[in-house]
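Should a chain be cited, it is by its letter among A, B, C and D, assigned in written order, with residues numbered from 1 in that chain.
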Amino acid sequence: MRGIGKHFAGVAALTDASLEVGRGEVHALIGQNGAGKSTLIKILTGAYRRDVGEVLFDGRPIDPSSPKDARRLGISTIYQEVNLVPFRSVAENVFLGREPRRFGLIDWRRVHDRAAELLRRFGIEIDVRRPLGSYNIAVQQMVAIARAVSFDARLVVMDEPTSSLDEQEVEILFGVIRQLKESGVSVIFVSHRLDELYAVCDRVTVMRDGRTVAASAMRDIGKLELVSTMLGRRMTEVERGGATGFTGSAHHGREPLLAVEGLRQGRRVQDASVELRAGEIVGLAGLLGSGRTEVARVLFGADALEGGTLRLNGRPVRFQSPADAIRAGIGFCSEDRKSEGIIPDMSIRENMTLALLPAMSRAGIVDTYHQQSVVWTFIRRLGIKCASPDQKIRELSGGNQQKVLLARWLCMNPKVLLLDEPTRGIDVGAKAEIQALIQELADGGMGVLMISSELEELVEGADRVVVLRDGRTVAELDGDAVSEPALMHAMAHGHSQDPAETAHG
Amino acid sequence: QGLPAMKQKETYKVGFAQTESNNPWRIAQTESMKAEAAKRGWQLVYTDAAGSAAKQVADVDSMIAQGVDLIFLAPREEKPLVPAVMKAKRAGIPVILLDRTVDESVAKAGRDYVTFIGSDFVEEGRRAAQWLVKATNGNARIIQLEGTAGSSPANDRRKGFEEVIAKNPGMKIVASQSGDFVRDKGRQVTETLLQAHPDATAIYAHNDEMVIGAIAAVEAAGRTPGKDIRLVSIDGTRDALQAIIDGKLGATVECSPRFGPKAFDTALRYAKGEKIEPKIINEDQFFDASNAAAKIGEAF
Amino acid sequence: MPPRRRSLGAARAASLIGRQGVLVALLLLILFGALRYDNFLGSYNVLSLLRYNAMFALVALGMCFVIMTGGIDLSVGAVAAMASVVSALVSPYGLVPALAAGIGAGLLTGLVNGLVIAWGGILPFITTLATMLAANGMALLLAGNQSVSVSWEGLFIELGQGDLFGLPVPALIAAAAYLLGSLALNYTAFGRNTLAVGGNEEAARLMGLPVRRVKIAVYVLSGGLAGLAGVILASQFGAGQPTEGAGWELFAIAAVVVGGTLLTGGIGSVGATLSGVLLLGLIFNILNFENGRGAISLSAYWQSVIRGLFLLVVVVLQSRLTARRTG
Amino acid sequence: MAELSLSKRSEAPARRMGRRMRDWGAPLALLALLVFNVAVTPNFLTWQTFFVNLTQVATIVIVAVGMTLVIATGGIDLSVGSLMAIAGALAPLILGGSLFGPLDPTTAVALALGVPVLVTAALGLFNGVLVTGFRIQPIIATLVLFIAGRGIAQVMTNGNLQTFSNPSFQWIGLGRISGVPVQAVLMVVIVLAMAWVLRATVYGRHVLATGGNEGAARLAGIPVARVKLAVYAISGLLSGIAGLIVISINSSADANLIGLGMELDAIAAVAVGGTLLTGGRATVIGTLLGALIIQLVRYTLLANGVPDAAALVVKAAIILLAVWLQRQGASR
């Protein structure tokens, strides 16, 4: 791809971007949120048409006008937001558009068998006849990956495939990528997790503000250099921060702010207990499907409490709806930003202040002056890249949407903040800023519950980590006992390691 | 094959397939049929086709399935109701048509159905036109408010009216639009047409409801109904007669909805084996300033 | 479970329960009628019921496919009326030309709908509202504001009024259409694509499915079936009727939804749609029989109240059943 | 390649123009119609014509405003016409004393204005309960009252035409405030009030958020169910007002006909005005313009003697054209 340019309603998303991927190469594409990675990919795969520039594939110029076109050319794609059909079964989603047939009619037996077999390769054992939407995002992401890979493509494009996967699944994915590479298939891999890039990629292209600013072999470029190129700052500036933006602190209150005990919920959650005190960051760890999201949803009143007790400031409460929880000073940032987060057609301004509206209005009339000032504050504070606060949120890049959603809750200045994968899809620079912000809020007395599949984030950020396994609280690690090996062990085996061992390890 | 016979019995179970019940005329017709059935102690299977010819055929089907002795059919339309008449005949059930007829090139009175009882819509149009010619001395610019597009009274009442108007060079129809037989539409259409044709001097409406709407529109436009603009219509409702008494409406041609006595009498005569004439035309009156006050008591 | 997952589960269950629920309701209604009225299950009533409702069944089948893509087709009634006029005008030239002309008129309108919706990007509701008006106007223009006689000679009449193997021809046509429809939905790529487009249009596009072609196809199908229904209308009643077909679209939508198909698309069943048609059709019939018993004489007004209440009971029941299943 | 990119380059400005089209599509269409009429239709430029159009469009606008709110939440209300009929049937019963017995004139008028509107608001609420409480799809939920509602009105009056004459009641249909018809004033007040509500109040934002993404709205603490209940109730209430206006203009109430087909007129006005039928974006002023366009089309066709059948075809074409203009440049 050479000299690609693309405008959206007056905003330049790409100006002179280029990308070169060799045969059988795993190519990393990185850049800050809104740098133009997804846009570049969408042009390559025919989801958008470019304004200027040319695309060569196997030496020949191509101009895919639709994803279907691109697929015919041998380009298969996993998009950043899971783009499958939730009502249809898992098997159908895998084979939509190329169902195996017999006598011209779809052969359902083979559809199911082959889908199940394919997914088994990805370490997923699920009922492929159930609707895709009944599984969580991680499973959906794996299905999307399986679908894309199962085309006999010569180039597989993956836009942030790992942002909703945990480490175990990431490993499985890497295995698949290596297999693809061996059979001569090229892969474009987008991720904000640098370690992953070093683990599988051969070469890297860095994007900044709609341009490609550097390209090199992965092993020729150090982590720091990569980050500084990406952020466009000098290396020394970058060096100053740690790997995450957390600084760690321990001066939190004694009184539990929000606590749930013996929670039972649906079929997933059996006996979960979590306690959250003012001024502390509590991590919630667990494998996929361990019920972390469900616990958070109950704490927020999004799902009714089915069993167990929920206490706010020591008093038992029952939230009928999120509105109740919000009134009690609780905020919740969902992991599924597309269907539970953004209101696509509303502006950034309105999306950000949605939960705050009742508080910033008089007699039901919105105080627009106040609104503007809040919005500008957070756009600056989180470095949200947008044309104006009145831009529709759906026009933002994935990471910037996530920032707006975080701002929705931060601007409320809640007493308790529940974050489900808060830094999912956020670039390293902004991630550190957000983490620092979370830290600052906790230092200011807010209680933060943070669900994260990135153990590093938990280890550095959390004062205490509660580990769930199959819907039960199986371990609680405190202070120094929080380490990646300890967490992994607890998540996998259901109890914490011998403390002595941890101390030495 | 001739008409099915009808046995003589103490009491009968007869069907009445009504077209619709969304205007005063139809409601009066239904009331009249029901009252007559109740008076004679006959069982009446009443259906309402809600303005759909197809549903009316299905309604007749369900009457056939229930085994009625005779069917009174007020056909929604001429052609689509032919199959209903034929099916009833095949099932051995005689049919009497009320107020509208079915396609006479296919189904014939005395052979496929017993008889038709009703008014002559074309003649109604003619009578309205004749009155208007006389009232305006053969000089008028006329707005015509038509009934529902495609319905047979609308078509026939236009035909009769225009036939007479064509013979009078001084009479000119300046605009002709549908008001759907409805008061509100009649008013709105008149409002508009009066704006576009301020030179209009007369209004002919295919029914009384529309003419009442038109009177309101004329008044709203700041003109005097009955003086600046002469109005004539068809039906003979109480409201129309009142308007005549008030001097607003010029005249209305009666089209009586009271079919009950005549319809049931005819059925009885048929059961007795009498020969029934193929058409029984209602003798409709004509209401104008001379008789409106006297007749308003009888109006529906 | 998060609400999205639950509502998905709910939607799935709704379609299942809808499917069984509507069948149960249908059987109950038949049982009620059979016990209460003489001749209710007599062959005359059953056959004429099937003959009459075949038209609605065809229209509802097309509507079902359209709704599964998340669209809606308000033009079906007007298209049927227009097709009835067209085929009546052509009927003197024989059955096949009349059939072709009527269905062709429907296909053409469907094509216009599909093109405007898929390429013009105008919402189905408004597009088909406009074509409904236009088809209505065209029907009146072609017919010269009144019903058009069909030719009573030849086979044309048999299409609507004839019998084959002791069954009404329209009912046989409808049955065949449903068989094919069910096959197309469940065993062809077209069917799957239809559901995928309704389930998540953007995803379907990114997955490389021919979204536009699918959309055009369902409207063409719906138009064609409405056209066929129109031909049957003309044949069955011996006349092309420009003013028929009012309200057919609502009947069809109600039948489709009572059959458990999701109006937002993505989930649907052909078989349950048929049950929905029969269920709604039966109500008119039962009301007529009730009047015939003479116990109470229901005015037309009470009939619409009862029909509304019945619809209410069915949908509320469906919703309650679903809630219990998933809750 | 070079040629290709050149032609692509011009896309951005074209789209920008498209965006402007969306904002100006409805006013432009209206302007074009006005110019056409001034040139062609006899006696178009008169106050009388202006008022005739205003009075005829008032009820559609009032109903369409409620419809706009409902559609903004992603719903639809088919029952508006039937609710108009119920309100229209109730008022004469109250005036005539057959509902509450004989009343003194002031009380009678007050009740005749108040009760029907409250009843239709309650029925709107019933629609809302079906939609929120029972999770029935709006089109079907409101289809129930679409069918049964008119039946109820007909049963109440036995299908009979009720004529009445009561100047103080009929003021809302026949009165004038310094020369301007009361119903037109009422229409403008309702439009401005709702436009303001949608734009400036928390409730308005909640309506749009609910239509934009219900799941997200709920998690943002918006009382989604209550928001929806309210829009259906408002739609019912406005339908009731429209019903009263219709009967007072005609001095008669005919349950069979009041508001017949109103749902389609209102929805068309909303769509032509630029409100997204899938919810999440709404403009009340647009709805007013949309209704005016439809009204003017009707007036033009009638005044120029276009036969009904042909008028239908023309009306269809104009609706599509207006909506297509809106579409240009809308999100792609």
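Here, a residue touches a chain if its C-beta (ideal position, glycine included) is under 8 Å from a C-beta of that chain, and two chains touch if they have at least 3 such contacts.
Not measured: the values here are computed from a predicted model.
The chains in contact with chain A and with chain B alike are C, D.
Interface comparison, B-D versus A-D: the higher number of contacting C-beta pairs is recorded for A-D.
Centroid distances built from C-alpha atoms place A farthest away from chain B. The distance from the centre of chain B to the centre of chain D, with each centre set as the mean of the Cα atoms, comes to 34 Å.
Between chain A and chain C, the centres computed from C-alpha atoms are 44 Å apart. Rounded to whole angstrom, the centroid-to-centroid distance between chain C and chain D, based on C-alpha atoms, equals 28 Å. Counting partner chains per residue, chain B has residues 21, 149 touching two or more of them.
Residue positions of chain D touching 2 or more other chains, listed in rising order: 154, 158-159, 215, 218, 308-309.
Multi-chain contact residues of chain C (touching two or more other chains): 3-4, 140, 145, 262, 299-301, 303.
Of all possible chain pairs, the ones that touch are A-C, A-D, B-C, B-D, C-D. Residues 37-40, 42, 44-45, 48-49, 52, 55, 140, 143, 145-149, 152, 161, 233, 236-239, 241-244, 246-247, 284-285, 288-289, 291-292, 294, 297, 299-301, 303 of chain C touch chain B in their complex. Looking at the complex, you find that chain D touches chain B at residues 41-44, 46, 48-49, 52, 55-56, 154, 158-161, 163, 246, 249-252, 254, 256-258, 299, 302-305, 308-309. Across the interface of their complex, chain A is touched by residues 1-5, 8-9, 11-12, 183, 186-189, 192-193, 195-196, 198-200, 202-210, 262, 266-267 of chain C. Residues of chain B touching chain C in their complex: 13, 18, 20-21, 34, 43-48, 50-55, 57-59, 61-68, 77-83, 91, 103, 105-106, 148-152, 155. By the touch rule above, chain A contacts chain C in their complex via residues 47, 66-68, 70-71, 77, 79, 83-88, 92, 96-97, 99, 104-106, 108, 131, 133-134, 136, 147, 266, 268, 293-294, 297, 302-303, 334, 336, 339-340.
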